[in-house]
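What follows is a pair of complexes built around subunit A, which joins subunit B in one and subunit C in the other.
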Partner chain A sequence: MKTRWKVSNLYLIAVFVILYAPILYLAYYSFNSGGSMHEFEGFTLEHYAEVFQDTRLLIIVLNTLVIALLSSALATIIGVAGALFIHRVRRHTTKQTLLTLNNVLIVSPDVVIGASFLILFTIAGIKLGFTSVLLSHIAFSVPIVVLMVLPKLQEMSPTLVDAAEDLGATRWDVLTKVVLPFIRPGIFAGFFMALTYSLDDFAVTFFVTGNGYATLAVEIYSRARQGVSLSINALSTLIFLFTLLLVLGYYAVNRRGAAKAKTLAEGVRP
Partner chain B sequence: MKPLFRLFAAVFAAAFALMYLASYLNTSEGYTGENTLTVYNWGDYIDPELLTKFEEETGIKVIYQTFDSNEAMMTKISQGGTTFDVAVPSEYALSKMKDEGLLLPIDPVRLPNLKHINPRFLDLSFDPGNKYSVPYFWGTVGIIFNPDLLEEGKTFTSWNDLWDEKLENQILLVDGAREVMGMGLNSLGYSLNDRDEAHLQEAKAKLDTLTPNVKAIVGDEIKMLLANEEAAVGVVWSGDASEIMDENDKLDYVVPEEGSNLWFDNMVIPKTAHNIEGAHAFINFMLDPEVAAQNAEYVGYSTPNESAMEFLPEEISGDKRFYPDPELTEKLEVYENLGKRMLSHYNELFLEFKMHRK
Partner chain C sequence: MGTNAATRSAYLIPYLLWMVLFVAAPIVLIAYYSFFDVDGNFTLGNYAKFFTPVYWRMALSSFWYALLITLFSLLVAYPAAYLLTKTRHKQLWLLLIILPTWINLLLKVYAFLGIFGTYGTVNKLLELLGIGTQQILFTDFSFVFVSVYIFIPFMILPIFNALEELNPSLVDASRDLGASAWTTFSRVIFPLTLGGVKAGCQAVFIPALSLFMITRLVAGNRVITLGTAIEQHFLVTQDWGIGATIAVFLILAMAVIMRLTGLRKRGGIV
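Presenting the complex of A and B:
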């Protein structure tokens, strides 16, 4: 019994080491005063200073964050509406078709989506830049939100809605006071997923950027062609810490929500 | 409902605040004004100080964007929707863009600094008369090797040195039909633009005998593999070679005496350009000898700018590996456009070579 516990722990540690070693390696060299990732010569913060002096890079970071926040928020609103709609569809085949169409968008390769957006935007005469990137990020985030929200809706007992209606709630009341609070964890999960998807995305963004507008993924990719400079290491470290904060924040919000729900449930029960 | 509403309000507020900050930075840096110039170049292919210098000299603000492959750049430009004023394609991409009508002609009157370019690098087959392009950097295809992994005193002077039996399973080749077929043709003393079927078959047969020495045929990862000493010898572009040698200074690079390929990256003005005046000013600025020298020192590739040579430190301009003597450069050849049929024949032969069993 005891050995098994140890083996499984070792395995877990090994997995985490493999997952985090590259990031730590990268972060470690961001403090290297030597010019490359070969030998660690001494501690310095100059690469971090470089990041903050490079206005173009800062603008790109800001662009990336604006796109991530706006697209995930808008995608969440659209996605929740979509999930509510799909949930209301009564005919089984129609529902399945809608769900399949939704899933196809998730599994289809980013390159295909990116290329089709590029063609669509140029035909529609939309100039490549902020608008095109925002629209495409919203588009690929919506199916994810739908997928995160639907299970919550299915979990919800239909009697809850019936009861609310019996008690005289209007449709709007049912939506805002019963349904939305119930599916809130799904909405949060969808929002955060969309956020990370948008921060990550390279393939789609690559096609639809232009006119001096770029996001971080695209910029780092084209810079990496001639070897990654250590300021990119520094920047990546900062971004990693930022996402870590986001995840911790999400976790805190969730836990508070769960604790609240628990006290509520305990309060209701006699 | 309330926490949801609050979250979304906070998200939108944060997004707009960041957006304001970005646009403030954009304006303060001058990226949004009328007098801007969009330059589309390879990643890390210019000394950033030069952009600042250009902005100070001309008052034109440069919006600098980067790409990582000729194909990606061409797609962006041919699709429209963007306004790139200057782009930097390699020579084969340049002739394709020219054929597809994606380029604007260059006005030599507006480029007084054009006289500094070595005439040997002008008026070449991919752009006769330099109607559409000005060379930016140039290089060769050659052999990079690691003396530590080879027997004492082993050097390379000829392509035929690769056929040495002692090199079994030691060579990495770039995955390019023109490069590898060219190597086979060059080693036999033929032109790398040869269209003679007998010569091509001969080259292919000769390449087949090289297979025992070939460890792998790889793409861009060849740089990493060689720098990490996974193989002793590689056939690479000189630009890649200089990058590998930056990473690992044990390695050395040689342009074989039979001759080799001469490649170019060129500055062009795409059809989508808005600021044609500024584009010429930029190209002319980059042709300035001191600027070209500073850029060559930063990027590490060979500059075609004759007058820039005197501004370069001796260890760069005197480096025969990257600035070979005239008798060797005479033998360097630019890839000619072979036409679709011949090119696919090259590809076919290369594929057969790849499939050839040891």
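Presenting the complex of A and C:
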């Protein structure tokens, strides 16, 4: 029993090592005074200084964050409305059709989405740039939010809504005081998934960015094709540390919340 | 009642608008454009071109690579997901599995340029082991490896969720009734988590068909997938017609895959 425990842990550790290796690799060479990713010549912070002096790069980082936050927020609103709508549909076949349509953008290959959006924006006369990128990110995030929220709606007992209505709640009250609080975990999950998709997207964005506008992924792609530049390493290290802090913070807040709820519950019980 | 119903349904508008503009319209536009040549004349030539051996071979190899990538991702991810469910603090570990997906895909791919490079870490290791320097970058191996690396979290997540939903008493019952660990796994655990496996395979296979940036950066254009071809036709040669034709083919393939793996679970929710 003991040895199996060890072997299984080794496997997990190996998976974690491989998952983090490229990220740590980038971080390691970000301190390299040599210009390459294979000969570590000496410790330096010059690549970090470079990042902070590169206003173009900083603007691109900002663009990426703005697009991610804005598109996830808007996609969450549209997605929650969509989930409420699909949940309300009673006929099985209609529901199935709606769900299939909802999932088209999730299962479509990125290049197809990118190419079709490029045609769409060109025909609609929307200039490629901030607007087209924002619209695309909203578009591919909406179905994810729907899929995250729907199961929570299904879990919700219909009697809860009935009870609220019996007690005289208006539809708006039912929505804001009963339904939305109940599905809040799904809404948050949807928002964070949308954020993840937006931050991670390259292919779709690549198709719908015009000249002069770029997100980080597009910029890195064009820089990486020109060869190795250690300021990219420095930047990715900064991004990684930032994300790590966010995740750990989120986890800590969550646990504290859970612990608080637990002590409260224990305090209430006789 | 009429106006009441109208205001009640007002929240449907953004979602339905999204469905029409970003789900239906793009598909129609892609299909429409596939009938025009580079000069804007109506033609069936794109389809004739697609059915020539050049494109067929590309489609086949594209599917073959996607299959390999899915298979290897599954082989790595299933045990990892299983072991994750057995850890203490499993939510934290899961978060740490997801964390690398928040680092943009392009940064991770870029890291592999250093790791797999001629003077990179892997080659130094091979040198130490006496195997000598190998050409790793710009090979099939690097393409499959990096793709699997990128997709592992997306495979782990749905399988983890399926395993979490699995009623542990079923596993206990199987063991109590004298089933070996392997029998319990193959007859109880795996079939009951098949939904997660299918979801994971879908989440990997379809994007794997459209990985044009990895083929460009680490496979050195040796591997040409359908995704690469679409990107090429839309953004380089500007021949939207043939690009759209390949996209139509990918959409059809995707529909077939969805039929085969079946997005429907009992209960109607994906």
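Convention: the second predicted complex is superposed on the first by the 247 of 270 C-alpha atoms of A that agree within 3 Å, B and C clash if a C-alpha of one lies under 4 Å from a C-alpha of the other, contacts with A are read in each partner's own complex, and residues count from 1 in each chain.
FYI, contacts are C-beta pairs under 8 Å (C-beta built on N, C-alpha and C of every residue); 3 or more make two chains touch, one makes a residue touch a chain.
Remember, predicted model here, so these are calculated numbers, not experimental data.
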| item | value |
| --- | --- |
| Fit or clash between subunit C and subunit B when superposed on subunit A | clash |
| Subunit B versus subunit C as contact partner of A:231, first or second or both or neither | neither |
| Subunit A residues touched - subunit C or subunit B, whichever exceeds | C |
| Which superposed partner A:22 touches (first subunit B, second subunit C, both, neither) | second |
| Which of subunit B and subunit C A:198 touches, first, second, both or neither | neither |
| Touched partner set for A:82, first subunit B, second subunit C, both or neither | second |
| First, second, both or neither for A:128, with subunit B first and subunit C second | first |
| Which of subunit B and subunit C A:107 touches, first, second, both or neither | second |
| Subunit B versus subunit C as contact partner of A:187, first or second or both or neither | first |
| Touched partner set for A:66, first subunit B, second subunit C, both or neither | first |
| Touching partner for A:119 - first (subunit B), second (subunit C), both, neither | both |
| Interface residues of subunit A shared between complexes with subunit B and subunit C | 36, 38, 77, 118-119, 206-207, 221, 224-225 |
| Touching residues (chain side subunit B, partner subunit A) in the complex | 1, 3-4, 7-8, 11-12, 14-15, 18-19, 21-22, 25-26, 29, 31, 36, 38, 42-45, 63-68, 72, 75-76, 79-83, 243, 246-247 |
| Contact footprint of subunit B on subunit A as seen in their complex | 36, 38, 55-56, 58-59, 62-63, 65-66, 69-70, 72-73, 76-77, 118-119, 121-122, 126-128, 132, 176-177, 180-181, 184, 187-188, 191, 206-207, 210-212, 214, 219, 221-227, 229 |
| Contact set on subunit A toward subunit C in their complex | 8-9, 11-12, 15-16, 18-23, 25-26, 29, 36-39, 77-79, 81-82, 84-85, 92, 95-96, 99-105, 107-120, 123, 135, 138-139, 142, 147, 150-151, 154, 171, 196, 199-200, 202-203, 206-207, 216-217, 220-221, 224-225, 228, 232, 236, 239-240, 243-244, 247, 250-251 |
| Residues on subunit C engaged by subunit A in the complex (per definition of touch) | 8, 11-12, 14-16, 18-19, 21-27, 29-30, 33, 76, 79-80, 83-84, 86-87, 91-93, 95-115, 117, 119-121, 124, 149, 152-153, 202, 206-207, 209-210, 212-213, 216-217, 226-227, 230-231, 234-235, 240, 243-244, 247, 250-251, 254, 257-258, 263-264, 267-270 |
